[in-house]
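Have a look at the structure that comes next, please.
Chain IDs A, B, C, D and E follow the sequence of writing; residue 1 opens each chain.
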Amino acid sequence: MSQELTRMLDTLTKDIAGAKVTLKRARRMRIDVDADALPALLELLQGRGSYVHLSAISCVDWIDDNQFELVYHVWSYESNSLVSAHTRIPRDPGVYLSIYDLYKPAAFFERDIHEMFGLYFEGSPSMEKFILTEWEGPPPMRKDFDAEAWVRDTFTERDYNPEWLKELTDAGGGIAIRPQDIRK
Amino acid sequence: MDALHILIELTLMPLVAFVVGLFMVLMMRRIAARIQRRVGPPLLQPLYDILKLYGKQTQISHGILHDIGIIMAVGGYIAAETMLPVPGMNGIADKAGLITLAYVLMVPSLGLALGVGQCANPNGSIGISRALTAMLAYDIPFVIVIFGVAWQAGSNNLVDIIALQQVDGIASWGIVQTPLLAFAGLFALHAILGKHPFEIYIAPAEIATGPMVEMGGKYLGGLFVMQCFQLYTAGVIYTSLFLGGGENWLTFLVKSFAVVAVPICIAYLFPRFRTEDVVRLVWKWPVMLGLIGIAFVMN
Amino acid sequence: MRPENYQAINHPPSHEYELNFGPNHPGIEGNYALKVKLQGDQVVEAHADGGYLHRGFEKLMEGRLWIQNIALVPRICVPDPVPMEMAYSLAVEELGGLEVPIRAQWIRVMQLELSRIAAHLFTFGGHAATTGMYTTMYWGVADRDLFLDLFEELTGGRVYHIYNIPGGVRRDIPDGYLDRVTSTLDYLESRLPDYDNLFFTNQVFVKRATGTGTMTQQQALEWGVTGPNLRATGLKLDVRRDDPYLVYDEIDFDIATEEAGDAWARTLVRRKELQQSIRIVRQVIERLPSIGGPIRCPIPNPLAWNVPAGEAYARIDSSKGEVAYYVVSTGGDKPYRVHVRGPSSMHAVQVLENLVTGGRLEDVAQIMFSLDACPPEVDR
Amino acid sequence: MIKDIPIIAEQAQQPRRTNPLAHVFDELMNFARSRSLFMLHYCTGCGAIELPPAMTSRFDMERLGIQPMVTPRQADILLVTGYVSIKTLKRIILTYEQMGSPKHVIGICSCTVNGGMYWQSYATAKKLDEYLPVDLYIAGCMPRPEAVISGLQKLIDNIKHGKSDNWKDYYQRYDHYLGNQQHLFGNNWQTPTDVIGEAREYGLFGPQTLGQHTELLESVQKPLQPLEMKL
Amino acid sequence: MTPLDYLLLLSLLTVVIALVAGHRSMGGVWLTFTYAAQLGGLMLMAGLTNQPDVITSSLSFTILGQSLTWRYDALSWYFALITISAGLLSTMYTAGDWGEKFRADGGNLWLLHVAIALNVLSMLILLGSGDLLTLFIGWELVSWASFLLMILAGGPSIQAAIRYITYAMGGAMAILAGLALIYGHTDSFTYPAAANILHSLSTAHLWAPLLLLTLGFGVKMALLPLHLWQAAAYAHTPGPGAAFLGAISSRMGLYALIVVLIQLVGLVRVIELPVLFSFISARDVLAWVAAFTIIFPTFTALRQNDARMLLAWHGIGQGGYMLLGLVMGDALGSAGGLMHVFNHATYQAALFFSVAAVVYRTGTADLNRLGGLVARMPLSFLAMLVGIIGLAGLPPMNGFVSKWLVYRSLMLEGEPLLFVAAVVGTLGTILSVYKLIHNMFLGQLRVEHENIREAPWSMTAPMLILSVVVFVTGLMPGLVLQWIAGIQATVGLPVIDYSLGGLDSAQGSLDMLWVVGVLFAGFGIGAVLFYSGGRTHRVHQLDNYAGGHFLSADIRYHYSDNFYPGLMRLIGPLYRYSFAWLESAVQSGLGLLSLSTQGFYRRVAPANYALVTAVLVLLWVML
């Protein structure tokens, strides 16, 4: 079955320049495609390949390559297989095309990627913030945003050696052998 | 009847109503708990709630009307209690008949409606709109029942109606004499109490508890007091109209509690209707039965 | 809130008014908000507003070891946490090329289905409470607690189990555990007629739920609806069947469907799934004693485990719908990227907005609960 | 598992009550308060999943006089169940200020104590008691219903003995809390409730009610004056 | 010169002053004094209420051998009291800032003064009619005077007023035909002669004049199928004019109906008069017309989104209670019906004044564009509150007493369906008045209304006076009931056994002193309870529960439109189908009638027209 699938996908994608189909395992296919060819590929997958269910759009920030990788996971209820269409776009302008007119669920994922990565999708119905409406920092999922440093700057840590515990320790209570004594 | 005597009665009757009402609220919550396989609240829980609410140290008001609304809601019921005869006390029941009672009972609702309106909260306003719609629904069978009973007794005076029913025991009770009216009355009573499935105007999941939305502290306390009075009033009116009132305090209380228990036992087994379904249902069965009942009574 | 929001400006000369469902509202599931614009009781516009439960899981996971993340993932969906652990484990196993022992797979199936039962009982309670039917909620939550007890015995945690780890499960089932599961299932089955009488066939409820929040098959597919909500429109689609994971292809169960696609159909589908889950668990109980072997495959030192580079997409069917994890590894000791696809990110945003618009104020809460939307999945 | 937060603020000088019955009355009110706690129905985080079991048939909180209430106006206790994302924290503060005193905050789950397992998350606030006066923490991830109920019983005990008036601390050290809030939410932060005015009106004014942070607030805010009736 | 002459002359003087000084700034004040003088003149005749007596005017004419006389009895006095008081308060209201603004907005203040004065004069003339011919003349005068008042605002009111005059002319034709029928039998227009002949007429022959007269007077009264003109016509009349019209104008129809049904035909005869080929009597027909007049306009009012329209529709509905009470014919019912005339006039005027004050300040009466005004216009709110409690018929206001009397009478007469109909009307009233007060005064204050102020004293004083009257006559209904008892004695109805607080009767009495006393004692206890609780502090309306969200100033969260959606889902289709059908049916029917009437007027001289009609109808009767 998988062989058939691969063959079908090959015929489907032969018009798409640079599309590379990989069969990862049963029911999982990976297609690497150029950024400008991706909408055409998805249109083909949906229209001729019955891949009607957009499972997710994932975005990966390859900061070393200065690229965003967008992965469109589409599922076919007929051939019961998942195609993950991978494409990479430059990180810098961070603008890409929306596939909302093909897949309605894309609206949520694109909106999500927009606020988490700062990647703008042209033609998406709403690019307003949804989750981070009250967040003013940079898009947090970018690799160059250091959440831990931000947390350290913003919040103070709880004092784990409060006064009342010190008094207790001074009065001879607490741990029988202290860690530093063991190390000696 | 001298002035002092009547003054004592007027003071005692609301007090009795409040105390009995507290226990009716407790009964309601205990019944709910038993149906839901729980233990339920302790004996004085309703009292604790009210005390606590009146003892709140900071509370907000949205304006004078917000205050007046609660005063009217509680005061209207206090006034209405003096028109409900209890064993040994008639209050001013003979100076204000059934119709007056029915209309005085609308004063608390109107007061509450005003208070809620001033809160400027849409949830509250929707709650009031639903409550008034429900009132339009249940008052029709209610007045049909009142008409039937008043016609049967030849008087719209509750004292006369009770006296007439006590002539020869159970056989002269309204529920035996006019069973159709009694059933319609019970149905209307269920809707008046606003218990499920008629609980359209509290509806937490829809309108965040409707009229109570901005009520806190003594405002909510007032509503809790009002709930006590409401249960008591419903029980006593029905007892007086159909169960021969109270020969003595024991039978009076037994009957009133039993009357209130009936809708409560039903209530916790149902979800709530939509507004128009409430109106449709209440305008269909109790009205029909009530009118047939009146036809029997008037022949 | 900013001071300029209190500045006076002209009011829109409109007959519409705004009402906020949530975040502090009993008609909303969890900490979530739906802003609706109404005219009378007719919803004109609805806007979902999320982010109240946002913790940045995906960011957090990039900063923690592969094994540490197992403690993090169940928190993504609180009422039904097991599928989250499972999907993550499956994805990591795929990356690492781990072969899960067959016994562990059966235990995982049992745990998944028990979790589904608990989640459905909880949902029934919530759905009933939106229509004012608190007794169902009280009963449902109390009966769910029995399943939490089973989890506690198996895993040590009532809600969050952290039981599945890449490579298998943490510990074997205790002695006599399967008997206790059987007796709990028997008890639940004996309670089902009560629930039917009280809730599922209660005419007032049926009247309120039929025709509420109806979606067609076409709409459901278009909007990316999955799970019980999709099956309530009459489509026999289930990840457990279409894309079998664990040992679901060896298990005999029916896919529960209903035709109507409204709130009542969705509830009935869950009611039928409850029985199917009981059936599955009973099969597991039957087979499990005969399957020996280890409960997990050996993995390297978890604190210094570099998962081979690659990417994996694991999908499973939770009680809400399709849960999927997209995991990218660059061969380090931490994931490079984890993307969580919760089913509610469709149900609680687009689908909810669409179904609520044009509907009635009375039905907003009911639609949300009948979709069984789980806000933390949206917010992550 | 349960830990009291010591009350740091100095108690404001209470006016001496000369009526001998006042003490009895206070005892009665404290008792009524302890036996009737309305908790706000607000699921702020994942710990809320253990509240339904605690409320419903199995553990039944109503026998302790605790019942859920919908709006902050009606509620006495605010259960902050789990991590508070910054967006939620604003709502929690709004909600807390709308509640009528005496009000009590219970932090449930470890995340309210120190951020818990989300200690490095950019989206959640770490220590709840920096922003609100917390009466009681119930630690655990997540605490079982038994723990929640035992924590509530501890609170009941405290209220009965008049020991649980941390809510006064919010008025008396408003500047401190407001400062922390401004630090997190920005200098334009304002809630519709006029806490300073309330403190003044109810005699809860403390030495630290006003300070540099309240000055900042007053410089930016458009105070919401109640709509007085005008002739 | 009798006191009646003084009264009529004073009224004429008022008209003259209005003509001369109506456009001056002080004109309103002078007019107020002349109305007060008229009231004084009326008080000279106050003795009428105590004994069944008649005061005749020395003015009389003889035309075509018929003498025209004017005289006042207790009934006329009662209606005249309401008329003059309404005129007085309306003019007082107009005299101050309202009139200034009206003029500044391009309204014709002079015409308004003149129209009100003319209305009062014509109504006084009508009320004094001593025979059928003067009744008709007065009737025509009143119709045209009302028309003048309705049309003077221009704009949409023109259409409404023309609609009114069409209906009124149709009604006048019917009246004329009825009078002609009676004249055909008696050759005389005097009441005794008419009464004699009507008593002796057979059933079939009595029906014709009765039907014609009831239809004719019913137009002004806005009885059910003929009610469609009224609401728009009243609502579009400028503020105090609407209050005046709403208070008394359409009650002239009731006055005429009382004259015909009770004084001429006799209620006993009406009760006995069977509808041909059926088992119901004329009274049943009238009672059901009244019941439908209560229900349908009330529920139409529920759908209105304009405060003035809402009130005007209620004015129609409340007329039903008056007729319903009257045709019950017993002491309680007729007392209730008659008392409701007074009660309705008081609260309806107060309500219209209050709405006019809001319009004065905000410029709109659209219920969707107001809200929260109680904080800014508390006195207007108070007047409206008292007014709506009266209108809804709840204790302790006077509307409760009159409605109670009607209910009680329906109970005693054994009319369960009518009783239910009356209660349905009351409940519908409660629903719609809550909508009125909620959408205007409660709820969210719109930001553009943040800075408005209470209406000036010249406007609040009349409404507060009326509010006090509404309350006092509710507390002590005996004050009004003594006049009612006088009327009942005069027109030959059973006399009510009243006391200061209501009435004593074996089958259930009403003592408003006790009821109100206990109610206020209850409020007092409620207040003590309330204020014994902790202190409260006031908050701004944006400090409000909104599901945990922050409310901001740009959000409209005032629930106003489609206020009873649940109910409308049930009965909404009725509005769409039945009411629309009724309206179009009546409209086309009356359109046809008015067209033909118009044709008659154009081609035939009016005097001949009357003759021709009379001949035609006589022929029909003879055959």
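Here is the rule we use: contacts are C-beta pairs under 8 Å (C-beta built on N, C-alpha and C of every residue); 3 or more make two chains touch, one makes a residue touch a chain.
Please read these numbers as outputs of a predicted model, since none were measured by experiment.
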Set of chains whose contacts include both subunit E and subunit B: C, D
Each chain counted as touching subunit C and subunit D at once: A, B, E
Chain whose averaged C-alpha position falls nearest the assembly-wide average: B
Far-end chain from subunit A, centres as C-alpha averages: E
Top chain pair, ranked by number of contacting C-beta pairs: B-E
Intercentroid distance (Cα basis), subunit B paired with subunit A, Å: 59
Centre distance in Å when subunit A and subunit D are each reduced to the mean of their C-alpha atoms: 38
Between subunit A and subunit E, centroid-to-centroid distance (C-alpha), Å: 73
Shared-contact residues (touching 2 or more other chains) in subunit C: 1, 6-7, 17-19, 23-26, 41, 51, 54, 56, 59-60, 63, 138-139, 142, 379
Junction residues of subunit D - those touching two or more other chains: 41-42, 56-57, 70-73, 87, 90-91, 94-95, 98, 120-123, 191-192, 198, 202, 224, 226-227, 229
Residues within subunit A bordering two or more other chains: 132-134, 140, 147-148
Pairs of chains, among all present, that meet the touch criterion: A-C, A-D, B-C, B-D, B-E, C-D, C-E, D-E
In the complex with subunit C, residue positions of subunit A that touch it: 25, 27-28, 52-56, 58-61, 71, 73, 75, 77, 80, 82, 84, 103-105, 107-109, 112, 116, 130-134, 140-141, 147-148
Subunit C residues within the subunit D interface of the complex: 1-4, 6-7, 23-26, 30-31, 51-56, 59-60, 63, 71-72, 75, 78-79, 122, 125, 137-139, 141-142, 144-145, 148, 158-160, 376, 379
Subunit C-facing residues of subunit E, complex: 368-369, 446-448, 450, 542, 546-550, 552-563, 565-566, 568
Subunit E residues touching subunit B - in the complex, by the definition given at the top: 371-372, 374-375, 385, 389, 392-395, 400, 404, 407-408, 411, 414, 416-417, 419-420, 423-424, 427-428, 430-431, 434-435, 437-438, 441-445, 506-511, 514-515, 518-527, 529-530, 532-539, 541, 543-547, 557-559, 563-567, 569-570
Parts of subunit D lying in touch with subunit B, wherever the complex brings them together: 28-29, 31-33, 35-36, 41, 56-57, 60, 62-63, 65, 69-76, 98-102, 198, 202, 226-227, 229
